[in-house]
Amino acid sequence: MLGYILRRLISAIPVLVIVAVLVFLMLRFTPGDPAAVIAGDNATSEQIALIRNRLGLDQPILTQFTIWAGNLLTGNLGESFFFKKTIVELISSRIEPTLSLAFATMLIAICVAIPLGVLAAYKHGSWIDRVVMGFSVLGFSVPVFVIGYLMIYLFAITLGWFPVQGYQPLSQGFAGYAQRLVLPALTLSVIYIALIARMTRASVLEVLNEDYIRTARAKGQVERKILFRHALKNAAVPIVTVVGIGIALLIGGVVVTESVFAIPGLGRLTVDAVLARDYPTIQAVILLFSGVYVGINLLIDLAYSLFDPRIRY
Amino acid sequence: MMSRWTIATAAAALLAGSSMAQAQTTMKVVMHSDVKIVDPIWTTAYIVRNHGYMLYDTLFSMTEKGEIKPQMVDTFTESPDKLTYKFTLRDGLLWHDGKPVTSEDCIASIKRWAAKDPVGQKLMTFVDAMTADDAKSFTVKLKSPTGLLIFGLGKPSSNVPFMMPKRVADTDPNTQISEFIGSGPFVLKTDEWKPGDKIVYTKFKDYKPRSEPADGLSGGKVVKIDRIEWLAVTDQQQAVNALLAGEIDMVEQPAFDLIPLLKSDSKIKLWNYNPLGLQYTMRFNSTQPPFDNAKVRQAVTYALNQKDFLEATVGNPDYYQECKAMFVCGSPLATEKGMDGLLQSNFKKSQELLKEAGYDGKPIVLLHSTDLQSLTNLGPVAKQLLEKGGFKVDMQSSDWQTVVSRRVRKDPVDKGGWNLMQTSWVSADILNPVMAGFFNASCDKAGFGWPCDEKMEKLRDDFAREPDPAKQKAIAEAVQVRWAESPTHVHLGQYNVPIAARSNITGILTAPAPVFWNVEKK
Amino acid sequence: MSAEPTILAPVAAEPPASRRRLFGRLLTNPSVAIGGFVLIVMAVIGLLAPVLGTLDPTAINPSTRNRVPGFERTIRADDGSNSTFKHRMGTDSLGRDVFSRVVYGARISLVIAMTVALASVAIGLVIGLVAGYVRWLDGPIMRVMDGLMAIPGILLAIAVVSLFRAGLAAVVVAIIVPEIPRVVRLVRSVVLSVREEPYVEAAIMAGTRVPLLMARHILPNTVAPLIVQGTFIAASAILVEAILSFLGIGIPPETPSWGNIMAEGRNLFRVFPHNILYPGVFLGLTVLAVNMLGDGLRDTLDPKMAGR
């Protein structure tokens, strides 16, 4: 097991190196010029050239890359071109809202979707099944910002239950924190409810047809026990997979949700950084996300062995 | 057992605590953009200028009517030959770290500003020497008389000559400052500044306002709110929603189409704080064909009209004004000289001029920014009008930052260059031909667009040398007439963005920039 | 990394007899029938856009902007005659007719969906076949794919769009790039599993040449899962296009795509909700139809899932 984890960790290194190179090259071939953005409206060509020089952007690409990669190896992510802050400071000040949003979303999604999926599988072919499946297809089909606006219109403006926007750090009290997190998390969870409910239904359905479930039924075990003890546990592998993928994909949805609800998280940091051509920030954030993605995949694989004793590493 | 004394102290502390809690007022504001850069000399972005007015003070400042009055300066004298100026600072001016403001600080700050600002650059060609006489007074010697010295030091908009401590002002003008200490009415809470989230200012307790009442940017800067938070809300509708719900106190630039919603709510008040407003502008790249030909540029001035642009971007005549005066309607230099027949969508005339100029029908590249709400609708209007006027238009859409990086490229159009771009200027930045950057026609030394016109440069130089306002106006008229012969840019109309605030907010000053002293929250 | 959802198990080549019945089975599957029908309707709307009582979807008219559905405008023709035009879905903030934009928008959104689906499947198929068959290239290719996959799709798309000048082509490429690795993985897994089949091993031993081997044994096995995957890619392409427009980095806003119409109207949702709701309904319906089609195809083509 340990050996396996070690091997997986080592094999993650080339992936991250490839991400680093890809992102670096892509940014350097992008037409935008951070120096011109920084200099502003009145700047002359000379002033822009000076700023470019200060940022080191006039060096050959290879030199720029070596410097950046060298700093990276020593744990120095550098400083943002715009914000007078180091990347580490920037990211750490943005990580709480994004983690909170991601966590709340997955919590809602799992709590809603798995019972729904099991129910739909159990009542296979009934109207409940159709409603759940219909919703799960619909959940995929509406852009997340439309869901966000509808939620705001309904729950914040019309009913006045929640604030329309903003984020409050946990340190300023749980009530305000939770109150501001509900709507964005609900908005973002719709698509994951759809995804996970579908997957749960499909895999529970598959398991329900297996011989040992029939055996259990024949033995007269309680249906609830059969469903949640035997069926769900054995259907867990694909569900865990899809939850893991969901977490990894969450960041895409986070970008939009954070924009709609004015949440100062990593998603907005990235979009802002891309629009401002803040190379060091973009590189660092994308590397971070890729690292998270690789890490989650590792966790998923490890989780397999937990749920399915047949899988061994 | 508690002694009577401790009980009394505890009660007093409780009382003090509660009364302090009452006195502590916080105001939450959504500005038009997030504060990412915090050096108001390094960049001309308006959000950074607004930030500058929180933190820094100026030697002179502009009244509501446009006069320049001393601010940090107590008294100043002008020698009879108008070549020597002696300034004395007010008593009790302090930096936020408690050290006194000195004349050395001011000289260093003027130098750094003058290295970046177009008025400052022009001014420096007149300045012979700046010397500190003692801790509180300094002298400026000129080579020849100019009205630019006092005007420049009281310049209201980007770049504003903000005063900084010498050690900060000695930073190279092309490097961002890394210490944020001013002598202005607010202090930056550096520990709470999170770019993309919020920036926080608190009242500077040791600030000594002037005794005069506040008037525009001049007069006493009396702070009546303890803490001001600027929140970054990118979604315009959400900013308005939050204001309506009372979650925030003020939106600096609400979207025009949402103003009816705000007007219908009795708890919201709209403040038309900047009557001069802003001006939409189209810029030519004068180095690339076809706009290297003055006739083709003239054709554009005939083909366009301001109303279509204003309708499409502002939409409500209460907030816009068609105005052919390039130096802004309502300002001393406003004139319609040279504007006969222009900006009336005379498509026939435009087509004739194009024919005379031998325009080959090659599509012109119009840079169109899509992520700034205030600019997005300009592009399609320009395209439609220019096409009717005989041009072929290739409108290339991108985010604003791409436009910004692309417009500084001089390359041919098919190699990543450009022909036209559109932006907007705060009127306070374009009140005369020297400060209005787009009139700078000094070829390669001019800003992007690089117009090259000796006659124009001569007129601008004359203007800088002319201290007499009446004669200045005559020169400004001549500039506008010359412009009509060889246009450098086109003004697309004037507009105002009101501030929207909860009705318990009062005292918002009429000024070219939104400022937060004198503002009260009840 | 084995984290790809195992929704699509590779399918063994079906015997010819059942293939003939396949088409009938497809039509009787309600998901396929309904989804297909809605899609055909959308395609017809898009194709017939000019004759459905529309105006030029890009023609602006600043004097009648932000009008509610049903607003009637007098249009003066060049010969001086007047006619009335009814804006069935109102006008947007530039005075363009929303109905015309929504109808023409069907073209753009469907074209994007088709192009993205076809191109990512085609590119992914080629790379996947190479990776699965040429052993020494497998490692490098899959590492690059892992790297691409590890970058969040939206961020990758944002970066790609800003790499080119914003336009239809850039957006299509931006949506294709993040999809490719998923197709490659799928194809590669099919190739690897088919290679182990005794009849394929026998063919290899008998010296069948690679192109023939691919055409006869490997490609047919990739068709079913690729069709299904392609449908889901098409659905996601429509949504990603809308999101890119929402973030202000999509197709030029002048071009009427559903995403653009919604992005344009989003700041005024509270006062003029029609600008989001109408294109939103069309977009939702279309994506729903594509997803249903995909579900139906998967159920029909994948015998493991059939009959459920």
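We just call them A, B and C in the order they show up, numbering each chain from 1.
We take it that contacts are C-beta pairs under 8 Å (C-beta built on N, C-alpha and C of every residue); 3 or more make two chains touch, one makes a residue touch a chain.
Treat the numbers as computed from the prediction; the structure is a model and nothing was measured.
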item: Chains touching both chain B and chain C; value: A
item: Of all other chains, the one whose Cα centre sits farthest from chain C; value: B
item: Centre-most chain [mean C-alpha coordinates]; value: A
item: Centre-of-Cα separation between chain C and chain B, whole angstrom; value: 45
item: Euclidean distance of C-alpha centroids - chain A vs chain B, Å; value: 40
item: Interchain centroid distance [CA atoms averaged], chain A/chain C, Å; value: 22
item: Residue list for chain B, restricted to those that touch at least two other chains; value: 235, 241, 371, 399, 402
item: Contacts with 2+ other chains: residues of chain C; value: 162, 165, 249, 266, 269-270
item: Residues of chain A engaged with two or more neighbouring chains; value: 31-32, 157, 259, 275
item: Complex contacts: residues of chain A adjacent to chain B; value: 31-34, 36-45, 47-48, 50-51, 54, 82-85, 90, 93-94, 152, 156-157, 160, 163-167, 259-262, 264, 268-269, 272, 275-277
item: Contacting residues of chain C [partner chain A, same complex]; value: 1-3, 5-7, 143-144, 146-155, 158-160, 162-163, 165, 235, 239, 242-243, 246-247, 249, 259, 262, 266, 269-270, 276, 280, 283-285, 287-288, 291-292, 295, 305, 308
item: Contact set on chain B toward chain C in their complex; value: 235-237, 240-241, 255, 257-258, 260-261, 307-309, 311-312, 315, 368, 370-371, 373, 376-377, 379-381, 383-384, 395-399, 402
item: Complex interface listing, chain A residues touching chain C; value: 14-16, 18-19, 22-23, 26-27, 29-32, 124, 137-138, 140-146, 149, 153, 157, 199, 202, 205, 238, 241-242, 244-245, 248-249, 251-252, 255-256, 259, 270-271, 274-275, 282, 285-286, 289-290, 293-294, 296-297, 300-301
item: In the complex with chain B, residue positions of chain C that touch it; value: 58-60, 62-63, 65-66, 93-95, 162, 165-167, 248-249, 252-254, 266-272
